[in-house]
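For reference, the structures are reproduced in the following blocks.
You will see subunit A twice below: alongside subunit B first, and alongside subunit C after that.
And now, the complex of A and B:
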């Protein structure tokens, strides 16, 4: 049963991915004007233009063009970036880890902060503290990452200049890292100087992306906790004298984690979408920042590769969340 | 639901075209809406902003495009070096920040109202059709939503505007093309829920055509939820416009926008932080106001939440 459901889910994911590929392809080609004029960087020679036209089979029909592109994409060949003059897959491989480290750090921060606020809020049910928590939480729910990022720039750039405003690692710190996952590697290799510098650079982007997600988690988890705390068996346990904190952490949390997890997964994809603009604001060298440059430079192969990478990440997260929700919900497991 | 013919039957002196239950339901809803402090606060701020945007040419103290390098990077009033007449200071080209802020509200609100309405129109239409007719219509719409949701929205909006060409029309179109899914998903689920209710069964028993039931019976019942969603979407649209201006893809640099001011302010943050702070505060307040308005509308109009 489960295997069949997973297979069906995977088939649907592949269909969605194919849909994304078609949409991007059409979007970039059914534009008024010559697609080549979108692709060339200023100053490209006649020979470059002719070579490009041949490379993409642009003299053939749309279907032929898509066939050529899809066939090479399936072989793992996304072409050569027009603005960077380098293999798209190679460029993505270098940049993606920076974005993944940022997104995962923001997720961790959001889960810890949101979970903490939810537990405090559930403990403080029907007190003045709960109203304060709800009001502050509402603020963070309403205002998106873009605004928080710039507010942080103002705060730490002008008022309290203690954090670096841009980049991932200060050039003066010689990293000597082997993998592109600097943050994880520096910690594992106990290079605390590198780790500290990376953490400083990550702080503001992580806060911008993590605060709105933390607010979502806090709201949903607190609601689920309150609901669980109103169950008969919990009331009975309270009457028997078990402490409220212990009940929240041991009993209610177990029941509340399923719905929170499902929502956190969806919201995590929004967070990853948010890396595009947040990386831009902090000049962080990830794929989001690169995506904006790719669009501005009309770097067609790079744009296509980037959009597909984002789509794969989004779809993978959705599948992972579906599976996790089933794992955490005994009722669904047998259905 | 209260608009059934029997409700008009009792007061005989009233003309049959004006059912008693109609206006009184609307009045009750209006009263519920106005009693919600989130609506009055959020809506009040939006109305104020709208008024400012309309009368911008008469209330702006300076021409927002006038440059004066002799008066460049003046700090806001109250700080050392401030000049009278420049309440929020000037930017690096000597343009008055307050005047640019006032004029920037025009682009922000235009995009908010038009883009959100357009997104609502597309999303509601597709959502209604998918939720009511089910079958292949539903499958097609749902798969399309799946594909759309697999795009990072900010990247897609930048891509669309790059393809369509910079300008306010492209920004509006891009937001509508991206955010219709927000409406579609909610409206589809709501329509499916409403389709199970008794008034729909009754309407079908009477023999109303299916499309008639969808438009005249179901749509009015999901309108309140839709209204709240439109308000939230307006807040999102303001942010997206600011993001596109920030990246340099929105309206031409001759028109002052909050996002454009933010981009300049970010660049010269160490010389003149107020060029960033002023539009950011405006953006913050506007998004919060749209959000509170939407949240308040949802609370006031949703019978389940109201309790």
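And now, the complex of A and C:
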């Protein structure tokens, strides 16, 4: 049953990806901003412009261009970046891990913090502490990731300069990492010096992305916990003498986690989108930062590759969340 | 004293976290005296200084000039000096060029630099389908011959600025043997040049670490290590310099510049660079009326714009030639005269009640206060009888509209000319055959056209001055100001400002 559902989702995902590819390809060629016109020299003649256009494979008609691109893409060849002069797949392979490490670290942070606040809030129901938690949480909900980023830059970069401001690693040292997954590799190879440096560099970007998500998780989970705590089976457990903490963690949390998980999945896709601006502010070398340069330079092959990567991530998150929700909900699992 | 298992675990975790947060002294401070860390405002997309969009980005030349050498060098005041060519010139009738190549130069991999490298680089750059955006310049000379350390070539299309371009965009020498061996992709992975610094480590969108070239023909570079941190966000660049994480930064907002240079331990320099702000006029709609064009010119108070919007950091200009350019003529003036503007508009039947209407396009945030400047100008125009509607566009759209001659009647832009030659400013911006001109008319072409092939240098420069005067009299373009580049640095350093705008590490030293 689940296997069939997964297969259906995968088929839909492929169709979605194909649709995204077509739409992005067409959109990029329709919106103003021709990459060639940005490179034309002042004294270039019509022939020079045509030669430059041909050099970058932008000389054919729209259908011809799409045909060539689609055929290459099906072979796993997304072309050569106009601005980076490098194979798009190779560049994405180098940069994507940095973004994934950042996003996953931010998600982990948000789940832990948001979960903790929700549990404390649920336990402190109808007390002054709950009001304080709600007020602070409301503030965190209202502040977007890029504002957090700027505030953190000023706070921990300038006023209390305890954290590095930019990059993924200190540029004065060589990491010696073999894979692009530096964080995981440094831990596996017990390179704690590199791990510590990576963690320092990740701290502010993770806080920027994680704090708004933590606030969302805290609010939704706390609401779900409060709802669960009003159920009869909780009342019965309480009458049996179960402590409040055990009630929340062992009984209510199990039922409250479903809706929180679904929403966290959706919010995680927003978090991935937020990496674009946060990576820019912290000069973090992920695909988000690269995406801005690609758009500025109208680097069509790179933009197409980036959008497809983002689309794959979003689809994968949605599938994963759907599966997890089924896993956590017996009704769905057996129905 | 004894510890429980839980206490021991807690202590261990605390120690680990402390180490994590405060390892290496807490924060990534700019390294020691032998290392220079620059918080740079743009990313380096590619190491090939001769193809693609980055090759024509003036800011990135600071990095390219660190790794590679140009055929001809350029001093910070834009004057030229020997580079990999020690001497150069034309024959008498300017049908041939000759170039003397520097001896005893080595590539970063230790292999010898030869005249073949020069010829290879020129021929590669001149291929029209090779991706060099200024291939038309390099294609103007071919049939190179090498005799010892002298190279000669035949002039196919005379361009008086040919040698000047050798110190400008894409005028870099690449290693023939190495490039042919590793190819374009291999060169991107491990680039080598003959420049003062060698690539040590590169992390795209994060940093570039260079180390001094011990064999550099120009002498020992001032720093053993140079780190370019790519920090496109201005707020973060301010934080980088303010926190001491970087030694130098540039292009910070002027208000921040004023604040930072008063801080202990920081200093700054803000000097005019070879980049100007201007409004393109397109020959359409009301702009076909000379009175409207001239009224638009005379209604703008450039001094106020510079003093109020740019904190005084800018130089008002009257032609497309900045004071450092060869054809600069201080006698050409387009003064602020709102009464004259009203009079001109009245002569064409326009007034504040019945204004001349057109659209003005501008970027927003691409250059300092660009949108605010246009807002102020539109306000000045309104007072004399011009009603302009502002349309904001991205810079990519500007390029597309300009090359297809579809710009609005007025369009704000900036124009760089780091070789100071009038053909690269007035010429390409105003000649109708140029894909970058907006005003296209036969009368102006008649004045500019003959100057392209003029072989008498004095006559050529005088010709460009005359063209500039004519343009000012006709109001074919609205020159606004020469930009000033703010550079903030640690006060123990000495920074020599570069009029080209390229913040080269070789122009920075310990004081």
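Rule of thumb we're sticking to: the second predicted complex is superposed on the first by the 303 of 335 C-alpha atoms of A that agree within 3 Å, B and C clash if a C-alpha of one lies under 4 Å from a C-alpha of the other, contacts with A are read in each partner's own complex, and residues count from 1 in each chain.
Keep in mind that, in the parts below, a residue touches a chain if its C-beta (ideal position, glycine included) is under 8 Å from a C-beta of that chain, and two chains touch if they have at least 3 such contacts.
Worth saying up front: this structure is predicted, and the values here are computed from it rather than measured.
Judged by the touch definition given at the top, the superposed model places A:11 against neither subunit B nor subunit C.
In the superposition on chain A, A:86 contacts subunit C only, with no contact to subunit B. Of the two partner chains, subunit B is the only one that A:315 touches; subunit C does not reach it. In the superposition on chain A, A:293 contacts subunit C only, with no contact to subunit B. Subunit A has more of its residues touched by C than by the other of subunit B and subunit C. In the superposition on chain A, A:154 makes contact with both subunit B and subunit C. Contact with subunit C, but none with subunit B, is seen for A:163 once the two complexes are overlaid on the shared chain. Of the two partner chains placed by superposition, subunit B and subunit C are both touched by A:281.
With both structures placed on the common chain, the touch criterion links A:272 to subunit B but leaves subunit C unconnected. Of the residues of subunit A, those at positions 150, 153-154, 157-158, 165, 280-281, 292, 296, 298 touch subunit B in one of the two structures and subunit C in the other. Contacts from subunit A toward subunit C in the complex involve residues 32-35, 37-45, 47-49, 51-52, 54-56, 82-87, 91, 94-95, 150, 153-154, 157-158, 161-172, 174, 192-193, 195-197, 199-200, 203, 279-286, 289-290, 292-293, 296-298. Across the complex, subunit A meets subunit B through its residues 12, 15-17, 19-20, 23, 27-28, 31, 138-139, 141-144, 146-147, 150-151, 153-154, 157-158, 165, 269, 272-274, 276-277, 280-281, 288, 291-292, 295-296, 298, 303, 306-307, 310-311, 314-315.
Against subunit A, the residues of subunit B that register as touching in their complex are 143-144, 146-147, 149-155, 158-160, 162-163, 235-236, 239, 242-243, 246-248, 262, 266, 269-270, 273, 276-277, 280, 283-284, 287-288, 291-292, 295.
Within the complex formed with subunit A, the subunit C residues making contact are 19-24, 26-28, 31, 35, 37, 39, 43, 45-46, 48, 51-54, 56, 128-131, 133-137, 184-185, 188, 201, 203-207, 209, 225, 227, 229-233, 235-236, 239-240, 242-245, 393-397, 399-404, 424, 427-429, 433-436.
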